[in-house]
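What follows is a pair of complexes built around chain A, which joins chain B in one and chain C in the other.
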Partner chain A sequence: MTTRAAAAGAALRTSMPGILLVAPLVVFLLAFYVIPFAGMLRESFGAWTGDPEAVQAADWTLYQYQKLFDSARTLRALWRTIEISLIAVALTFLLSYPVALLLLRLGPGLRSALLTITFISLAASLIVRNYGWLVVLADQGPVNNLMVWLGLFERPQRLVYNKWATIVGLVHYCMPFMILPIYGALSRIPRSQWESARILGAGDWTTLRTVVLPLSMPGIFGGTTLCFAICASAFVTPLMLGSPATSMISQVAAEQLLIQLNFPFGSAVIFTLTALMFTLVFAYALIVRKVLRINV
Partner chain B sequence: MARLDLQDLCFSVGALEILRHVDLSVEDGKCLALLGPSGCGKSTTLRCIAGFVRPTGGSISFDGQSVLGLPPHRRNVGLVFQDYALFPHMNVAENIAYGLRRRGVPAAERGARVAEALALVRLDDFGDRMPGQLSGGQQQRVALARALVIRPSLLLLDEPLGALDRRLRDQMQVELKRIQREAGITTIIVTHDQEEALSLSDRVAVMSEGRITETGRPGALYRRPGSREVMEFLGVSNLLAGRVEHAAAGQIRVRVGPSLALRAAGAAAAGSAVHLGIRPESFAMVAAPSSGEGGANTFLGQVTESVYKGSHVELYVQGPDGLRIIVQQRGEALAGAAPEIGQQVALTIDPEAIVVFE
Partner chain C sequence: MSEGRIYRAVVTLLGWGAVAFLIFPVALTMLVSFNESFFIQVPPAAYSLDWYRNIGNIHEIASATLTSLGIATLGATLVTLLAIGAAIAIVRYPLPGKAALTAFLLSPVAVPVVAIGIALVQYLIILDMAFTWYGLMIGHMVLVAAYPVRTLVASMTLYNPSIEDAAASLGANRWVAFLTVTLPQLKPGLISGFLFAFLISFDNYPISVFLVRGGLTTMPIELFNYISQNFDPTPAAFSTVYIFVVSAVIILVERRYKVVSLSVGR
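Up next is the complex of A and B:
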């Protein structure tokens, strides 16, 4: 049975060109990503100034981008988005790596239990989870009560509607997407790699730092990139846990697209964010390749 | 450099006994091969010595000092893994320098010692290469240099030639012997390959089912093994069951069938049941078959299969009383005329070449 299935698989591999296997995905991406995105890109070079009465000056103009880089509020939101995302990714990584290491050491039963717990949080809707954080971090919430009881503060502190509450929400959301790729990479490191570092004189920490960490880099790269993309495009979490003063770039874009109905400017914001993220991820991959000499 | 002593080493997982009272010593600078089939406990013994496995009983000492309390990174042991386990993200020089860095050797000395180690394994110009760019044999030599550069008390080799192809194996066998001799380091080789064990070591310890069944010099162990199991494990052999007919000083006559009795060097009480072990290459083919049982230890047989192996020919011979015997003859001894299938041959065997097992 298994051999027949394997033979069928081999036959499929040889008879079916690779392009056919990705065709559904290509069609989907073309229809729902590339074409709309191209339309948005075109729109962002439009001259609409927000005044329906104004005459269009030209078909193609950099007016929206000029406006974007002249707007201190938009630039601050862009910078804040990068800052919040980097902090959230760093915290997610620090919390997730030990969990991935633990997964590696557990027996099969405990491992699937821990993985289930990790992923079960994704089953609840984002709004429900953020609402949970609002309750936990509320003025009379458990975190505040604990801090007052421990004598850290005399009275409850305002913990929500700021940058750090947003970061907490993002870290919570991102952890499964960080743990899984790192665990995958760790489980592919042969036992002899750990052992040869040990026998050559490295203690646990040194083994982790000089061998395990570099060799799990493909997983770290995958996890951090994925989480960075999730954080940088976050909309609901900063809306619920942050304040207008700590709004992220998606909120600025949404306001233009949904409330102001200024599609060219909203598109310019979205495209700037996308271009910035591609640049950052590309630079990240380049650094990992050149400095650590690991292919990711 | 150190002397290694294992005393009464035991290891069990639950009710499963993996090592049962292993006693083993290796003299300073000598090379011992731990030989046995997979699952016999030889790898576990190696992992106990390296410190990856904590034995449930017994002691391990280097130069009389117990190392049981030391973690692997404090034992100062060099280990070459079966898959070499070179760090793929470091070049050859960095791989070799890894153990020196961990020992805080200053950069200048580090460079000199890495160069020295590369010279020892004859890879002088390979320092800048990445492990992925090296062949299997080169990778193994880098692993060996990496293990030796820290000047370990003990060198452990796990199936050192297992992953190499035939030609490279023969080449590395010679290289390994030279390097071990030049470094003068106490070495333990774990292997399931009898040829590897016999050719590389000063002494061989045969293991089976968690015990050391026999220890000896390679030649002695091959020619006069102490048990049938060891004889069978150390290469092809013929085992004939029989009963001692006549016992005299230093020689016995054993009846192996109604029409065949063989004289063998050894001692056994008349009337006792014994097994005779004969190596295939110990038989000689006699040109003119003498009639009947005539000559001493000579008998007639019919060739049922003939396998050409280059340097020698392997013959499957149907002897008297239905005995099936494997015979090896060197190519030149046959003078180009290998017996054909169905042909009658006369075989003779020197009584001294027969090993008697009670």
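Up next is the complex of A and C:
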């Protein structure tokens, strides 16, 4: 018993400097991240008094969650969020993987230029980039002009303020977050792996399918997970490029808070989204590990 | 054509096509900013600089940009300082539950951004700190703290701690060794962590929208409001200036510190 206590004391002494170094950040996050989130969770189990300044959550009730699952509009927004996110992640992957492969093949000068462009678009304001899509898809914008010129549209069509404009905006926003980790994973594949596939007679497509894709899986997993999280919690993009009929779940939660001032219901909506996101990411990780047997 | 040549052609075509998709809206915004017409028109029939002169007419844009700059600078500095300690602890010291702790420190990136704003506004009202510049800055700090932690851990993992021991064996005390040997080695991680934190804070809308009220406002809020209420190309002019400034900063920082390569490796 005493030796165990002594061992525990020694362990504490050796980890003391580390604890002291990490403590300021942990305390900050506890004060302004964990406690507010716990408060929000508690509030989502409360009743709404109608007065946002005097929120009363005296008793625990599932009322807000019941209301959420009874509300067809909220459920539709939740489903739409998942659908838009999955489509956007798939499209982002299809566009980004060739860019990562291209980066690998380019000479150092072009590669660094292309990486810098990717980085700049990552850093360029989301609002600025969405505005760019408002311009591209405008009634007199280049896409409409091209379609009319090609004779595919009789007259300019309204291309913005719908689900697909939102998806295009999300794909554009997510691309750097997909390109960088996949390129990182590709650049770590040893040269010898490519060569041995070639020596064994595999063509480029076979090498891509059987060697390169599985070995870049950690990058793919990181990129797709991050993009899914970004899309599922998207707020600004559907606000700028979508319409009220195509609103995503973050908008529904924000509207409850900013317009209806219904904090308990807004909290319940946002918690359902958080829980759903974590469940889906966890299931995804499980599938990749167990079914595909790839360690990510 | 041989299989190899087809493969290379397909990768080149798809790759550059995707890059064009990435650049196109930004390039077009720049073009439209010089358009003389009130309506967005591509290609412009006549060119002018009028919309650049009109930037000043975006409501409170100067003071909002100053507020955003101030909050992003101070907030990013503070989280970077907090992250130095955390990263050193994670990489160099034994800690109980290190994996869980690291996951916790990086988790604000994974929760819905709107949730941070929603949770904080209710909490800050109780603390009587809501709708102040420091309340807003705290919201941004929660969101961006993970970035310097990640870049510092990445650059420390690459770095060899025995150099510090060498400094100590040459008679430097721990603080001198830290300031003259460790800190310069951490510079790329520090710079890119600060840069990420700064840019994400500067650009944030979904947290700010809950934490501003009255005279307190930020650049993204005012830009967003202008875009949703007006159709003229003034936001295009503003965006062009923004992209130029951000590109200049990134290219300069990349030349000196190789931040881009650091964001690729993990």
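The definition used in the following text is that the second predicted complex is superposed on the first by the 254 of 296 C-alpha atoms of A that agree within 3 Å, B and C clash if a C-alpha of one lies under 4 Å from a C-alpha of the other, contacts with A are read in each partner's own complex, and residues count from 1 in each chain.
Please note the rule applied: a contact is a pair of C-beta atoms (placed from the backbone, for glycine too) under 8 Å apart; a residue touches a chain by one contact, two chains touch by 3 or more.
Please read these numbers as outputs of a predicted model, since none were measured by experiment.
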Query = Given the touch rule stated above, what does A:96 touch, chain B (first), chain C (second), both, or neither?
reply = second
Ask   = Where does A:211 make contact in the superposed view: on chain B (first), on chain C (second), on both, or on neither?
value = first
Ask   = Looking at the overlay, what does A:287 touch: chain B (first), chain C (second), both, or neither?
value = neither
Message = Contacts for A:115 in the overlay, against chain B (first) and chain C (second): which applies, first, second, both or neither?
response = second
First (chain B), second (chain C), both or neither touched by A:203 = both
Ask   = Does chain B (first) or chain C (second) touch A:190, or do both, or does neither?
value = first
Request  = Scan A:261 for contacts with chain B and chain C and give back first, second, both or neither.
outcome  = neither
Note = Winner on chain A touched-residue count between chain B and chain C: chain C
Inquiry  = Quick check for you: in the superposed arrangement, does A:145 touch first (chain B), second (chain C), both or neither?
reply    = second
Ask   = Intersection of chain A residues contacting chain B with those contacting chain C?
value = 203
Inquiry  = List the residues on chain A that touch chain C in their complex, please.
reply    = 11, 14-15, 17-26, 28-29, 32-33, 35-37, 39-40, 43, 53, 55, 95-96, 98-99, 101-103, 105, 112, 114-121, 123-129, 131-136, 138, 140-142, 145, 172, 175-176, 180-181, 183-184, 187, 203-205, 208, 222, 229, 232-233, 235-236, 240, 250, 253-254, 257-258, 263, 266-267, 270-271, 273-274, 277-278, 281
Ask   = Touching chain A in the complex: which residues of chain C?
value = 3-4, 7-8, 10-12, 14-19, 21-26, 28-29, 32, 39-42, 79, 82-83, 85-86, 88-90, 92-96, 101, 104-105, 108-116, 118-123, 125-126, 138-139, 141-142, 145, 149, 195, 199, 202-203, 205-206, 209-210, 220, 223-224, 227-228, 235-236, 238-239, 242-243, 246-247, 250-251, 254, 259-261, 263-266
Note = Within their complex, chain B touches chain A through residues 50-52, 71-79, 81-83, 85, 87-89, 98-99, 102-103, 130, 146, 150
Query = Hey, which residues of chain A end up touching chain B in the complex?
reply = 190, 192-193, 195-203, 206, 210-211, 214-215, 292-294
